[in-house]
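Here's the structure we're looking at; comments come further down.
Chain lettering (A, B, C and D) follows the sequence in which the chains are written, and residue indices restart at 1 in each chain.
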Amino acid sequence: MITSTNKTHNKIGFIGLGNMGVPMAKNLISAGYRLQVYNRTISKAGELDAASRTVCQTPAAAANGVDIIITMLSEDEILKEAVLGEEGILKTFAKNGVHISMSTISPDTAQLLSKAHVTAGSRYLAAPVFGRPDAAAAKKLWICTSGDEQSKEIAKPILESLGQGIFDFGEDAGGANVVKVAGNFMILASMEMMAEAYTLAEKNGLDRTKVAEFFGSTLFNAPIFQNYGKLIAGKQYQPVGFKSKLGYKDARIAFKLSQQAESPMPIVSIVHNRLLSAVAKGWGDTDWVEGVSRGVSEDAGV
Amino acid sequence: MITSTNKTHNKIGFIGLGNMGVPMAKNLISAGYRLQVYNRTISKAGELDAASRTVCQTPAAAANGVDIIITMLSEDEILKEAVLGEEGILKTFAKNGVHISMSTISPDTAQLLSKAHVTAGSRYLAAPVFGRPDAAAAKKLWICTSGDEQSKEIAKPILESLGQGIFDFGEDAGGANVVKVAGNFMILASMEMMAEAYTLAEKNGLDRTKVAEFFGSTLFNAPIFQNYGKLIAGKQYQPVGFKSKLGYKDARIAFKLSQQAESPMPIVSIVHNRLLSAVAKGWGDTDWVEGVSRGVSEDAGV
Amino acid sequence: MITSTNKTHNKIGFIGLGNMGVPMAKNLISAGYRLQVYNRTISKAGELDAASRTVCQTPAAAANGVDIIITMLSEDEILKEAVLGEEGILKTFAKNGVHISMSTISPDTAQLLSKAHVTAGSRYLAAPVFGRPDAAAAKKLWICTSGDEQSKEIAKPILESLGQGIFDFGEDAGGANVVKVAGNFMILASMEMMAEAYTLAEKNGLDRTKVAEFFGSTLFNAPIFQNYGKLIAGKQYQPVGFKSKLGYKDARIAFKLSQQAESPMPIVSIVHNRLLSAVAKGWGDTDWVEGVSRGVSEDAGV
Amino acid sequence: MITSTNKTHNKIGFIGLGNMGVPMAKNLISAGYRLQVYNRTISKAGELDAASRTVCQTPAAAANGVDIIITMLSEDEILKEAVLGEEGILKTFAKNGVHISMSTISPDTAQLLSKAHVTAGSRYLAAPVFGRPDAAAAKKLWICTSGDEQSKEIAKPILESLGQGIFDFGEDAGGANVVKVAGNFMILASMEMMAEAYTLAEKNGLDRTKVAEFFGSTLFNAPIFQNYGKLIAGKQYQPVGFKSKLGYKDARIAFKLSQQAESPMPIVSIVHNRLLSAVAKGWGDTDWVEGVSRGVSEDAGV
């Protein structure tokens, strides 16, 4: 019963108050949950309603006494430490508790952490998301899950308060993260593809913006092509949303997964080298739209 | 005035009754136009309402006595012959008549034909389309135009009876064809991208179809990713719609335009070599979805 | 008998007094031949010993009254004109005369010209060369031949006075040109390969020059790696020997042959796009070493 | 003084009796050295002259009481264990002793081990080699060194008894390994380049072998092009010398170094994906000539 489920889990642990974590935590509070929060930079907790959150000094403290712990961290190693470390989640987490792991991490790490939870008597649900901070704030995230069925049942009402759709990818803990890696690759590939096409149009004397508007409202009328299409066509590189060096990290992860899966991906090589070059040229802190689009323009002498 | 315009142009020449041309001609007849049709294989004219069409023996005959001639042919050379040949359009076409050229041709050819028309005292409007035969039948084509403004005004009601949207790309006759080439490239790149991503998912133990459904209903909810995504994910290669060897031709045209425009396009190289390999392997007559997707699968040993 | 052969052919037609043609013509004169020369810029004939050459006003005149005509021109179209044009070789050339065609042209053109000669009752021998002007002057060219056996016999003593080795590639007129295209590709690929490797070394803190010296004196102790290796390692881009835009033309020819032969060549795509980018950046008139090496350096931010 | 140096180091530790290690150890014995050998599979020591070697049970034992220890192992991790492990070299090695590390390892590992030696009061000299087992047996290895100058002086007579040339790449311990990685990349790139060129020739009706002979005796008259060229041209894939999966490992290492150095290398991507595909197709245990060449052939449908 969802009512009782909500009651049981009324208090949730939440670790990671970054650009994504803060709006997600706010949405959980709006949905009626109280949070035990932990963040390396404690002051970030100040952005949350004081009556609805308890600030903890360690991941272990955030996981203590709750049945659900959510993590939204930036890197595999930080998440591993938060779970397995001296002051990690597993030190205190309840038997049968569910760790909803929403960070973008590699499938490897997901599998490793899933095993550690099982050994400890608790559960791990992979639940990475697609969407930027504004989508997180608007409860418009797309959430991919993988793990055991019971964890999915338990997590469902919580995830519904964070996103606009939940898609399941089976029982293997790494599955949802594979989809996340594949999606990040497809976004990068779309950016490169548009930059190539719009530069071709530009060099033929056409207005890049009109070309992007055409595709974004017809064959390619999807958010990726509309939003990034506008930025790429207009060479609009400010403000910096997602940095080129993080886009490069995504490309590296996709490349590594292609190695592990023994699945050659020539377009991954293209976008990997595009962003590696951006970093090498000192553009690591530019928006990834600039990292891709400016690289294509420079190669074409414009 | 559209009424008078329609009256003036009530009879139209129409050349090219292939898979695209027939449904387009039918829509023109439904819209009240009478057609002077020419096709290499004359019998194709039998698919059109007999009362609404006159069958001609040459392009020159089809262009005789009308102010508008539409062409929908499969190759640059065939179109050149139909315009410039011994029995070509220019032999009979009216002063100030408008040739609406809807075939997929290179920008070069468009510019050459435009000049020939101007020299002859008539006009050329590039109007290539995006859409397969079923879209043509449903008046759902996307039409790109380029050429002089007066031709666009004259062509407008006619094009509106053929498609769901008209997008203009300026006065250079080749402009609309550049957009057509860029769009074909983006479709091919999307196919390769999906084949790589879904094969990665497959080799990680995921269900390709579920992954395609997820992307097609979220970040990539555009027709290209939904329709081709389903075929690629399901390795559904029958029936043959558009052949691999024609997809290869599109890739060659994109590559050539990248050379002419001095605009390097690394993803064009990838899809070009993918389809060149398909042709080399003897898959030229398979559907281009097979040409791309099976190639990616074989490289990954699945 | 070579002596009689030499006597018979003591007078030779020679068309094309460019950077390669002049030293080759001088070597023929040194070997005892008298030349009927034609060059678009007639003044170039002044570099040859006056007693040993007759200056002609047309290709037809140069081919008149001799059994052997040699061509060394820069482009397919120019050679076609020199053979097939109004004042071309075929207008005057002797029955059974042998046209030794030493220009770098496409296999297509070679086959077309071979047929034209056969139709006219004369013969065509493809004999493209590897080597720069200094190698031509030193009689150090490598010569590849293809065509009928009798032509090869007749041409042998003449070719021996121009190069250090003759290698035969069969009867198809295009064969030797395929080898020439393949060799140009391998040179370009070697240049890109070295630029990548030496930039990797540089970014690891090593001395590029020492690395190039090592490879050039051990595993890769061949002229290509020694000569170009030194220039690439030292980023020595002056003086301009062979221009980037001509290197780009070589890459285009290799790419086109890969299309015609249905033989995918991914490294051709890499070097093609490298030089296309060089041309797009305005480096078309730089040495091709700069076109390749500077492109690799810029991509690496150095 | 070299004489006294030889005397001092008359007894040397030697770890790693694989395909390369055995012939190298034999050459050291021939040069008058006595060896303390360690190998995981002890029986391999039986191939060495019994009077000249002492068999040890651990790396620590092999390093005990000598001033020089040589390692020739197959992987970074195995070497790290042999140096840093419970029974590793550092447990017993002499102050100021020189570890001559001849394995193919990453620059990272070299730097890490160098630091560990310095901390322990001993020295580390990187000395990776180019050459296959037959070259090792014939003392024809090419040896690259990097490290401190004194170590190089001490190692010189020993290395001279193993190879035909020593090339120095500075003081940074990782330098020589960067050159080794770069060289392995250049070999792989040369193989791919030849496979592409010879397949192009084949599809144009030429004899691959003749084409390879031409290049191997003219512009590309270096061992790499002669030896591999013959195998590639003849599609001679037996016996298996160096496995495709090891070639793939080399490509991965080159790719990783390109990432670490922020130096984009498009041809690395090509050869990486070529061998990744070979492994994915189940060809991991074939000779790497087959891994590369058969892949190119299949893509071309031959």
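Observations
Rule of thumb we're sticking to: a residue touches a chain if its C-beta (ideal position, glycine included) is under 8 Å from a C-beta of that chain, and two chains touch if they have at least 3 such contacts.
These numbers come from a predicted model, not from an experiment.
On superposing C-alpha atoms, the copy subunit A sits rotated by 180° relative to subunit B, to the nearest 5.
Chain pairs B-D and A-D differ in how many C-beta pairs they share in contact, with the greater number at A-D.
Counting the residue numbers that touch the partner chain, subunit C and subunit D have more than half of them in common.
Rounded to whole angstrom, the centroid-to-centroid distance between subunit A and subunit D, based on C-alpha atoms, equals 41 Å.
Taking each chain's centre as the mean of its C-alpha atoms, subunit B lies 56 Å from subunit D. Under the contact definition stated at the top, the residues of subunit A that touch 2 or more other chains are 258, 262-266, 270, 273, 277, 280, 299-301.
Within the complex formed with subunit C, the residues of subunit B that make contact are 252, 258-259, 262-266, 269, 272-273, 276-277, 279-280.
Within the complex formed with subunit D, the subunit B residues making contact are 273, 277, 280-282, 298-302.
The part of subunit C that touches subunit D in the complex is made up of residues 107, 130, 142, 144, 165, 167, 169-170, 172, 174-175, 178-179, 181-183, 185-187, 189-190, 192-194, 196-201, 203-207, 210-211, 214-215, 217-225, 257-258, 261-268, 270, 296, 299-301.
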